[in-house]
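Across the two complexes that follow, subunit A remains constant while its partner is subunit B and subsequently subunit C.
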Partner chain A sequence: MSTQDDKAKEVSADGVAGPIILFFILGLAASLVFGWIIFPKLLYSQKKQPIDFNHVLHVEAVEEGCESCHFFREDGSFSGIPKLAQCVDCHEDAQGEDPNEVKFVEEYVANGREVPWLVYARQPDCVFFSHAAHVKKAEMDCGTCHGHIGESEHSRVYEENRITGYSRDIWGKNISGLKKHTWERMKMDDCAECHTTKEIKTDVETLPWPINWLPRPYEKQTGNKARVKTVKEACFVCHK
Partner chain B sequence: MKEEGKHKKAKKYGMVINLDECTGCGACMVACMAENNVPFKEDESNKLDSIAWMRVYKLTNGKPYPEAEICYLPRPCMHCEGEHGHAPCVSVCPATATDYNHETGIVSQIYTRCFGCRYCMVACPYHARYFNWWDPVWPEESTKYLSPNVSPRMRGVVEKCSFCFHRYQLAMDKAYLEGRTVLEEDEYQTSCAQACPAGAITFGDLNNPEHKVHQLAKPDNKHGGRPGNPNVFRLLERLGTNPKVYYMSSREWVRQAGDNYINNEDLAKNYRH
Partner chain C sequence: MKIGRRSFLSFVIGGAAGTAITPLPWKLMDDSSIWSQNWPWTPVPPDGEYSQSNSVCTLCPGGCGITVRKVDDRVVKIEGMKGHPVNDGGLCLMGLSGLQLLYGPTRVKTPLKRVGKRGEGKWEKISWDEAISEVAKKLADIRSNGGSHTVGSIVDSENGTVPNLFKRFLTTYGSPNFMTMPSIQDSYAMTLQVMQGVSAQVGFDAENADFILSFGSGIIDGWGSPVRMFKANSAWKANGKKVVQIEPRLSNTAAKSDKWIPINPGTEAALALGLANVIITNSLDSKKISQSSGFDSFKKLVQNEYGTEKVSKITGINSATIVSLAKNFARASKPLAICGKGQGSIPGSLNEFMAVHALNALVGNINKEGGVWAVTDTKYINWPKPEMDSIAENGIQKERIDGAGSEYPHTKSLLNRLAEVINSGDGSLEALFVSGANPLYSMPDSKAIKNAFDNIPFIVSFSSYMDETASNADLILPNHVYLERYEDVPTPAGLSKPIVGLTRPVVKPQFNTKHVGDVVMLIAKALGGGIADAFPWESYEACLKETLGVKWDILVEKGFEFNGDKCILEGDFNFYPDAMKSLSDFSSVSIEGSAISYPLILIPYDTIRLANGYIGDPPFAIKAVEDTVLKGKNSCVEINPKTGKELGLTEGRYASLLTPRGKAKVRVHLYEGIMPGIVALPRGLGHTAYDKYLAGKGCNFNELIGSTEDPVSGLDEAWGIRARLTKV
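Now for the complex of A and B:
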C-alpha cells in the first residue's frame, strides 16, 4: 500500500510543479510588461504644444543663435521661452503660408495673448538654476543640458508626469533612468555629475609649442577661476 | 587679478540692528513675510502655529512709571557660526537639511530634505525656527503675489530666515552677466533691511572692512566674532553660538537684556559688558 501511495504523491507533485512554474513565469512576464511598457504610458500624459515650432527655420533667420530669442535680461535673469513681445518683432503679420504661423498670428498676436508654451525643462519649485552662472561664467553650451533642440523641425510631444506634474525631460525618456548623453536627463544626479567631480575651471592662455609632451613654458592662467565642485555645505547653491 | 583675490576671501554676511532706532513698527516682519512666501494663519495669535521668520519682541526694564522704558528687538535667524560652522541647529540635523556655508556664512534650510524631526528647533536658543503644522493656504487672489524665487514650504518641515538668500543668488546672476564675481554692498540687501523705515537694520559682509556692518560691529574674528564696539552686543553671547546678528544700543539695560546673568554677578569680571 505504502509503495502505491508514494507513487501517487510523485505523480501529483510532477503534475502540479509545471503549472506553478508556468504561473510564476507568466506572472513575471506580465509584471515586466506592465512595469516597463504599460505603466510609463499610464504615468505620462501626452500634450501637444499650442503651436508647432520649427527651430531650424528660426535659427537660420536670426543672427545670434540661441541668444537671439533666449536671451539674458539686464538684471542677470534668463528669459527662457520668449514672450509674445519678442515674437511680434518679426511676426506682426504672417510672413509665410505655414498654417502654424497663420494660427499664431490670428489667435495670439491679433488678440495680444501670450502663447501657453509647455516648458520641457521646467524644474521643480525647490530648484534654483542660474543660467548666468552656467552660460556666462562657466561658458557652457546650451546643448550640454538641452541637447540639439536647435535642430528640431517640429515641437515634440510634451509628456507630463500625472503624479508629480513634472515634465518627462526631468526623469528622462528612458524609464529605467539610464542615459547616454548629458542632455537626456535633468535630475539632481545629473547636476551632481559636474558638481561633484569638476574641481576648478581655469582659463589657460596657450601659445604655440612644437613638442606636445614637453611642458609648455608659455602656458599661463588668465585668472577666471570658479569652483564647480560643491561640497556638503553647499545645498543652498542649487536649492531654494 | 585683484577681483580674484577678493573672491577667495570668504564672506560673512551679517546684520547690525540699532535698537535705539527701532520703533517696533513691524515693517520688517511684513516685508519678510511677503518676500519669503511665509504663510499666514487664520489665527495668527496662536503662537504654536503661526510663523514669522522675523519677529519683533518687546523688552521692558521692569521699572515703574518715571523710569519705565521700552525697547523693541527684531529677531531674524542669527546664522550662528559657532566654532568653524558648528551652529547649534546644523550640528543636530540628522538629515543634513540645514548646513553652514563657509563662502557666505549663511545657514541654509533645504525644505525638501527636512523630514520634520524638529531637533533643530530644540537646539536653536533663539526660537528662530518654525514648524509647518499645516500646508500653507493662501487666499486665491494673493497667490499671484507670491515670490517665484522662494519655494513655498509643505506641511511637516521646518523653516527659518535665510537672509533672503535668493537675493544673493539673483545679485550673483547679474554679476556673472557683467563679468564680475564680487558683489557691491548695496547689491545684496535683505528685505527687512530695506523695509525698515527707521534705517535700524544694516546688512552686509562682516569680513569686509568697507561694509557698514563691519564698521559698526567691529567683529573680532579671532575671538568668536565678539563685537569690538562697546555699544554692540549679541543675544546669548556666552553660549558661544557666534551669531552674525549684532544689536546696538546706547542703553545699558538693553545690552544686559541680551543675555542671562545671575544676581549680583560681577559683569566686569565675567564678561565685558
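Now for the complex of A and C:
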C-alpha cells in the first residue's frame, strides 16, 4: 500500500544519514578547535612589560627578600609593586650596563615618571583583599598565590583579556579553568578553596560553663589567628 | 553525497554541541559580567598609599574643619574633621564637593590676559612675570598721574591676613577704597556698635539655647556657619528645645521647626517690638536690664506704638499668637532671637536687627550662656605701621568712592552703592582688584554692576575659577584653590568662641597658579619705594608664619586654636539709640516698584543645595537641586495655588517674571507653603560663567532686584521687589 513512500524514505535515509553524521562531526570538531585553541588566542592580547625585570638579580642584591621592595606601609596597607621613589633609592644612576636598566634610568628616573607596570595579579575593584591578613596573620607564603615569580629572570608576556581588561593570570593559563598549583588561578573559587574548607586551629580556652552569646560556645579564642572559614553573610568581607 | 539543508543543520547542531564542551560560553559569561562592572563611567578609586591631612574649608565663612583623604598625591575624599569646635565631623554638600573645585573644568590654569572684547572669552596665556609687571606698570602710571585713590579692591571679608595684605597694599599705595562683600555680619556689627558701643563680631551660643526665635534665618538653609547650625538644630530636636520660625515662606527651616508663623515680609521689626511690648507689659523682662539707658524711652515706644492689635495688623499675625509667642519666649530659661534672612547674604534693615537685639536684651541673654555674645578676636595681626610717602598720605585722606565713613559714618564698606556712584558719574575707579568674590553675580542689580564695571578701565581678578567677574576682567591672576594653599581662617560667622583655623595645602598646586598673598607682595615689590618696604616678607607663607607666631606650630598640628576666651564686653546696653528713633512711626521696610504695575511681591529664598556667594555650585551639588527649584533650564517660582488661580497659571507652566529691574522666563510651582500674593525665587542659579554644569541653568535673582539703602547704615536692606507674573 505504501511501498512507494517507504522506498522513498529509505532512499532518502540511505543518501542523507552519512552526510548528517559527517556534518555533525565536522561541526563538533570545528567548534572544539575554535573553543579550545582559537578562542583563547583571540581573547587575550599579548603585551610586553615596559621594562624587562629580573627578579633573581634583585633578590640576590637585597637583604630582606620579597619584603625589601614589596613591603607593608606603616598603616598596615601593602605597597604592592614599588613606586619609582623606591627604585630611585638604588637606581638614581644606572648601576650596570644592562640595556633595560639604562632604559629605566633614562626614560623614567630622569623624567620622574612612574613605570606603567602591568600587574599580573590585579583583581577587579569590587574585591577587597588585605595582604596583611594573609601574610602577617595567617603567615602565608607569597608564593602560595603568586608562584615562583621571585625566581624569574625575565618579565613574562602579560596577556590581557580583551573583554575585561584583566590579566590572564586571574582565570589561569589553562583555559579550562583547571590548575595544578594554588598560584595558577586567582578567581573567587580559588579563594574559597581555603575559605570554605579550612578550619584554622586557633588556640582556645575552654570556658567553665556555656555562654551562649559567644561565637563558639564553651570556647574563647586566645590566640591571634582568626577563623578563615567563611560563614553566612561573609560576602561583604571581600566584596565591599 | 548531497549537501542540503539537513546537512547544514547537522553541522550547526554539531557545532553547538561542541561549543558546549569548550570553555567558550562559560568564559564569555564570566568575562561579560566582569566587563559590565568596568564601564568607564563607573568611578573607581585609584590604588596607592592612603593618607589623611587636616585643613579648614574656606568655601563659605563657616570655617569647618576638614579631613582630606588622599591616595598617593590625589585627593579622593573630603570629610568633616572630628573634634573640630565648629563642625565636629559634619560637612555640608559644598564641602563634600570640594574635589570638583580642585580637579573640575572651571579652573583658571595660568595667568590670562584679555585679547578680545570684555566678556568675549578670548584670552592670551601670559607668564607670571609679564602679568605682574603689567599690573605694576598700570598702577605706577595711575599713581604718577595723581589718581592713587581711584584704585579699589573687593575682597570677601575684612578679617584674616589676605584681606589685610590688600588693605595694607591700598593704604601704602594711597587709596581708601578697600571694599568687602556685604553680609548680615555688617548689620550685626553695627547693631553691637550702636546698642552696646562695642566694635565686635556677633556670636550666638546656639547650642545652649532652649527657645530659638528665628526671624527668617535659614538655620538649616546655610545661615551662619552652616554645619554648626545643622548640628545645633539636631541637638535642639533631640533635647526637646523649641524652634519658632517667622517668615512668609515655608522654607526647609520652617518645615523642621516646632512652629512656623507666616508674616507679612518687611514687618519683622514691628513683630519684635510687639513682642517686646507684651514682655514689658506683663513684667516678664529681666529686671536687671531695665536699669539700662534708654529703657524708659524704649518702653514708651513699644507701649505707645507697638500694641498687640496694631502689630497684628502690620504683620498679619493674629493677636493671640503674638501674646503667646512673647510669653513662651520670655519664660524660656535660655531664649535666643536671631535674624538675617536666608543665608544672610543681604545685610538687611538695621531697625530689624536693633529690634531683635533689644528683644534678646529684654530677656537678659546678652553675653550669657545660650545667648548673644559680642566676640572680639584676640588680634593676631600686628604688623608694624607702614611708612607712608606723601602720595599715600594724601590718597588715603580722600573720600571713599562708596561713601562709607563719610555719608554713612559708622559703616566700613558699602559695595552696594558702588554701581550707582560710578553709573551716575559721581565717582570713578581707574583700576579694581577682585579677590575671593564674584560681585558681578552676587551683588543685587547685576545689570547696574555690569555697567559700572564697564566704566572701570582696568580690572584684575584673582579668582581660581572662570566666574562671572573673572570672565569680565582684563587680567586674571589665578589663586591656588583652598586645598593647595596656606591661609588663616578667623572666627567663623556667628561662632561665640573666638578661634583661628589654618587652611593648608593638602596637594601640590595642580596648575600654574600663585597664592594671592604672594602676588600682592610681588606687585608691591615691583612698584618699589615705600610700597615695597611695607611688605618685608619673603613670601606669603613666611608672612603667615611670622604673623601667627607661637600659634603656627599648634595650628599646623591641630588645624585650629582657640584665640582668646569668650570676650565679655560689658558695654552699657542702650535700648534706645538715636538710630532707633525712626521706629516711632513704623513703616515696613520699603521695596521698589509700584503696586499697580507690579501687583505681586518677589522674594528670594536660599537652600543649602545652592551656593550663592563666590563659589558656584559644583556639579555634585547642582545635581542635588530638586525639580521644583530648577526644572530643565528654568528656575521655578513658587506661588500659592490661590495666586496661581487668579493669574491662570498652573503647575509647570512657563511664565514671564517682570520686575522694575529685569525680566526672566520661569516655570510655575504651585506651593501651599507661600503666602498668597508673593512669588519666591531661589538664589544661586542663573550663572553665565563657570562650567557647562552650572552655566545657563535658571535665572539669577540678583538680575531682578535692586539695592535699597538702609537710612542709618547705608547697607542694602532690600528683602524683595515688586513683580508681575504673566503667562507666556
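Details
Operating definition for what follows: the second predicted complex is superposed on the first by the 206 of 240 C-alpha atoms of A that agree within 3 Å, B and C clash if a C-alpha of one lies under 4 Å from a C-alpha of the other, contacts with A are read in each partner's own complex, and residues count from 1 in each chain.
Please note the rule applied: a residue touches a chain if its C-beta (ideal position, glycine included) is under 8 Å from a C-beta of that chain, and two chains touch if they have at least 3 such contacts.
Predicted model, so just to flag it, every value in this text is computed and none were measured.
Once subunit A is used to superpose the two complexes, subunit B occupies space that clashes with subunit C.
Once the two complexes are laid over each other on the shared chain, residue contacts for A:165 go to subunit C alone; subunit B is not touched. Look at A:240: by the touch rule set out above, it reaches subunit B but stays clear of subunit C.
Number of subunit A residues touched is higher for C, counting subunit B against subunit C. Contacts of A:130 after superposition on the shared chain: subunit B is touched, whereas subunit C is not. In the superposition on chain A, A:71 makes contact with neither subunit B nor subunit C. By the document's definition of touching, of the two partners only subunit C reaches A:28; subunit B does not.
When both structures are laid over each other on chain A, subunit B collides with subunit C only at 235-243; the other stretches in 55-63, 109-117 or 235-243 stay clear. Residues 75, 77, 125-126 of subunit A contact both subunit B in one complex and subunit C in the other. Note for the complex: subunit B touches subunit A at residues 1, 4, 7, 85, 96-97, 99-103, 106, 108, 110-113, 149-152, 162, 165-166, 169-179, 181. On the side of subunit A, the complex with subunit B involves touching residues 72, 74-77, 125-126, 128, 130-133, 136-137, 223, 225-226, 232-236, 239-240. Put simply, subunit A touches subunit C in their complex at residues 15-16, 18-32, 34-36, 39-40, 43, 73, 75, 77, 79-80, 83, 124-126, 161, 163-166, 171, 175-177. The part of subunit C that touches subunit A in the complex is made up of residues 1-4, 6-8, 10-19, 21-24, 26-28, 30-32, 34-35, 37-38, 44-45, 47-50, 72.
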